[in-house]
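Working notes, beginning with the structure itself.
Naming follows writing order (A, B and C), and every chain is counted from residue 1.
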Amino acid sequence: MEFLVIHGLNALLYSSVLFLIAGGLSLIYGVMRIINLAHGNLYAIGAFVTAWTIGTASAAGAPNAVLLLLLPTGAIVAAAVGAILEPTLLRPFYKRPEEYQLLVTFGLLMVLEDLIHLVWGPNPLSAGRVYENFGSITIGGARYPAYNLAVIAVGIIAALFLWAFIYRTRFGIVLRATSQNMRMASALGVNVNRIYIQAFTIGCFMAGLGGAIVVPGQSAVLGMGVDALILSFVVVVIGGLGSLEGAFAGALIVGLVREAGVALFPEVELAVLYLIAAIVLFVRPAGLFGRA
Amino acid sequence: MNLLSTRALAKSFGENRAVNSVDFVVRQGEVLSLIGSNGAGKTTLVNLVSGLYRPDSGSIVFEERDVTRQSSYERIKAGIARSFQLVNLFDQLSCLDNVALSVFSREGKTLNFATLASRDSAVWEEAQGVLRQFGLDSKAAIPAGAISHGERKLLDVAVAYALRPKLLFLDEPTSGVSTREKAPIMDIVSAIVRAGRITVVIIEHDMDIVFRYSERIVVMHQGAILADGTPDEIRRNDEVTTTLIGTHVTGEPAIESENHAGR
Amino acid sequence: MQKHRSLLRTLAWAVPVAIALTAAPHVVGPFQTLTLLYGLVFGIAVLGFNLLLGYTGLLSFGHSAYFGAGAYTVAFMVKYFKIASMELFLAGSVLVSVIISLLFGVVCVRYTKIFFGILTLALSQVLWSLAFKFFWVTGGTDGLRIPTPSLLGAPPGADKMEFLTFQYYYYVLAIFTVCVIVMWVIVHSPFGKALQAIRDNETRAEFIGIRIRRYRLIAFVVSGAFAGVAGALWAPLNGLATPDVLVWTFSGEIVFMAVLGGFNSFIGPIVGAVAFTYLKTYAVGFTVYWQLLLGTVLVVLVLALPKGIMGMVELLVAKVRRPR
């Protein structure tokens, strides 16, 4: 029973973070039809910024409440980076063949990866104090870190908030209209450039938030960006690109499978995920919720 | 004899019944025009027959063989070819290359990776000949992306023609082309298909072209066949003129009805 | 007449280059020769890579998988079978890289563009993680040693440097030449034309009777085989096979080499590979932030000079001709 509770919650934790990253990727694709290969690095930036601010603050003796308030800094910086990147590096490529888009975001991936190295050095950063300060709770006979439950909560809230945002607000309607028919939306007076930069910023914010909330529990390390990119790719393959429900479902599945893998066969965890992704690609290429 | 016949062919996109239980027949050797307002289902029907779409129900028989389950590759090998409404060409390759590829493919030579393409003079001569028939031989060395729109429409037809098909579908071969270029294009196409005795189905919106170049006209409306007959029969068919008058057909009826209203 | 003119034009630069390459070990020092050697080896890999990108329109971010497969095959043949013959190394590597690229290709060629790119990246990362995790087989990060092999039955001499910069250099040069000729024939064959058709318009290619998935798979496997050959040739040169040869950053370098040289031309990839090898050798001494430099240059290239070095050369040649 304890085994199930712990691993089940771990799976949900993992899914929460994955949902944020993959959801951001999917949102950007859904609206703009581009995939930013450097998306994982925005998650990494979120992690490093948060780890650094919290680490510095807690070394300076800041109280718990302040540390908590500093958590979202990573997400905000990631969003800012996104807001700068879209008009400068991505917009020139919308009209060019897709290979160039991939090439430029790949170059961006390399640049951001090394920039993180340049700014924060080669060693992992952590925001462990926040994690410890949360303590642990007893659930179903097992002691479980309370912070992890907070992360799961953040994931669920983010999902609900996003859903409401996209399906219940005026901005969301404009977003959906632009994603379905950019030309038509533009002809109706929508400022497509502004929508694009907003959508991109939101997507980056989500990725950064994923990094920000994960970093008290695990350190920010170099290379986490590419790992996140690949995992979120598996999520959107399974769930369907461009769909928020798909990112949600895909994140849950990947979280569960990975946790099962980690608990039972650590070596082949990644390979099993790929096997599932490959099967989904064969059987239902658009993903569970994707529109082809 | 019926070269192609469909029975109760149907295809829906969500709620929209694009092709609604259509029995469509094409006879050997004829030049047939498929007309109808936008959304009538003409392109969908062609897409179904050429293999781009899978039908929801119904069957397609070509040369007395059921091809409903066959892939587009198999149908092309069987002798069905098509051109595209929105021009589909190999833009970075020369016009000659574009046509030569059809010839290479038809001859089953496209898997040869150990011989030089330039050495197969038979293919290149044939490709050059096709370009000449279509009046494009001066553009042989020019990339397909760099010629004029009218020339691209002709090349699109030439690429399909070079497959030496038995049944050729031309999807709006003159769309986007200026009025005075339309007739010359159709003259060329019509002369070539008659000389080659190819059965042709043309989707067209321009009624002048339709009445001038076809032997038989099939009218579609809202996914079904509305009328089927010679140009004269169709011209005299009231139902057809009423249904089609909503979109522009020729200049005259619109003016007449305006006059009626003004009076 | 046209054909003769273009042949003469090609010979005009090809002959001096061939002479230079043949004379190199006798004219320049061992360090230079080694750098050139690495350049030729990567040239074979990028040549194969560009069959996919330049000619078929598929951008693979996971070519390190096939290169690495070639390298590790050599390492395994040494460690587990005590083999030392370069010819057997090459045969084994081609076989293994063909099998792996076939397996990966079957999945990847069902998709294009973005999905294809990420799938290739992801699959190569799987291979990398396997090399990492199964360290008792692959030697993990310590890697596996590869001693100098015998060439055509002749054992290498005692002086490793002498061997590498002379016998091995000419061996590699010969294989490089064969690879260039083979690839040249492939891209100028009807199959090569069909690939370009698929690149330009897959719908139209489909509708003139080309089964695009099949053709893409063949191109994928050929491309993987070239990378495998390169990996096999690289292994004795480097002396060590580590997971670094499978990691995504190395795939990125392959992409970079093609873009640098110009992926729209036949020799662009080779030029890019050689240029990159020289650049890297000198730049790595300057900075540890190699990825940053590479990434920035890639972005600048794609923004401003998408046709790479060969594109620039074409422009210059056109300018020189124009006053006539």
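Simple rule for what comes next: a contact is a pair of C-beta atoms (placed from the backbone, for glycine too) under 8 Å apart; a residue touches a chain by one contact, two chains touch by 3 or more.
None of these values were measured; they are calculated from a predicted model.
Trainee: Which chains does chain A share as contact partners with chain C?
Mentor: Touches both chain A and chain C: nothing.
Trainee: So, comparing C-alpha centroids, which chain is the farthest one from chain B?
Mentor: Looking at centroid distances, A is the chain farthest away.
Trainee: Hey, which chain is the most central one here, using CA centres?
Mentor: Here the chain at the core of the arrangement is C.
Trainee: Round to the nearest whole Å and give the separation of the Cα centres of chain A and chain C.
Mentor: 34
Trainee: From the mean C-alpha coordinate of chain B to that of chain C, what's the distance rounded to whole Å?
Mentor: Here chain B and chain C have centroids separated by 44 Å.
Trainee: I'd like to verify one number: the distance from the centre of chain A to the centre of chain B, where each centre is the average of its C-alpha atoms, in whole angstrom.
Mentor: The computed centroid separation for chain A versus chain B comes out at 48 Å.
Trainee: Within the complex, which stretch of chain C touches chain B?
Mentor: Contacts found on chain C: 185-186, 188-194, 196-197, 199-201, 203-211, 215, 218.
Trainee: Which part of chain B faces chain C closely enough to touch in the complex?
Mentor: 50, 72-73, 76-77, 81-82, 84, 88-93, 97, 100-102, 104-106, 109-118, 120, 159-160, 163
Trainee: Taking the touch rule as given, give the residues of chain C at its contact with chain A in the complex, in rising order.
Mentor: My answer: residues 53, 57, 59, 61, 107, 110-111, 113-115, 117-118, 121-123, 125-126, 129-130, 133-134, 248-249, 252, 255, 259, 289-292, 294-299, 302-303, 306.
Trainee: Flag every residue of chain A that touches chain C in the complex, lowest number first.
Mentor: 35, 37, 89, 92-93, 98-100, 102-104, 106-115, 117-118, 226, 229-230, 233-234, 237, 266-267, 270-271, 274, 277-278, 281-282, 285
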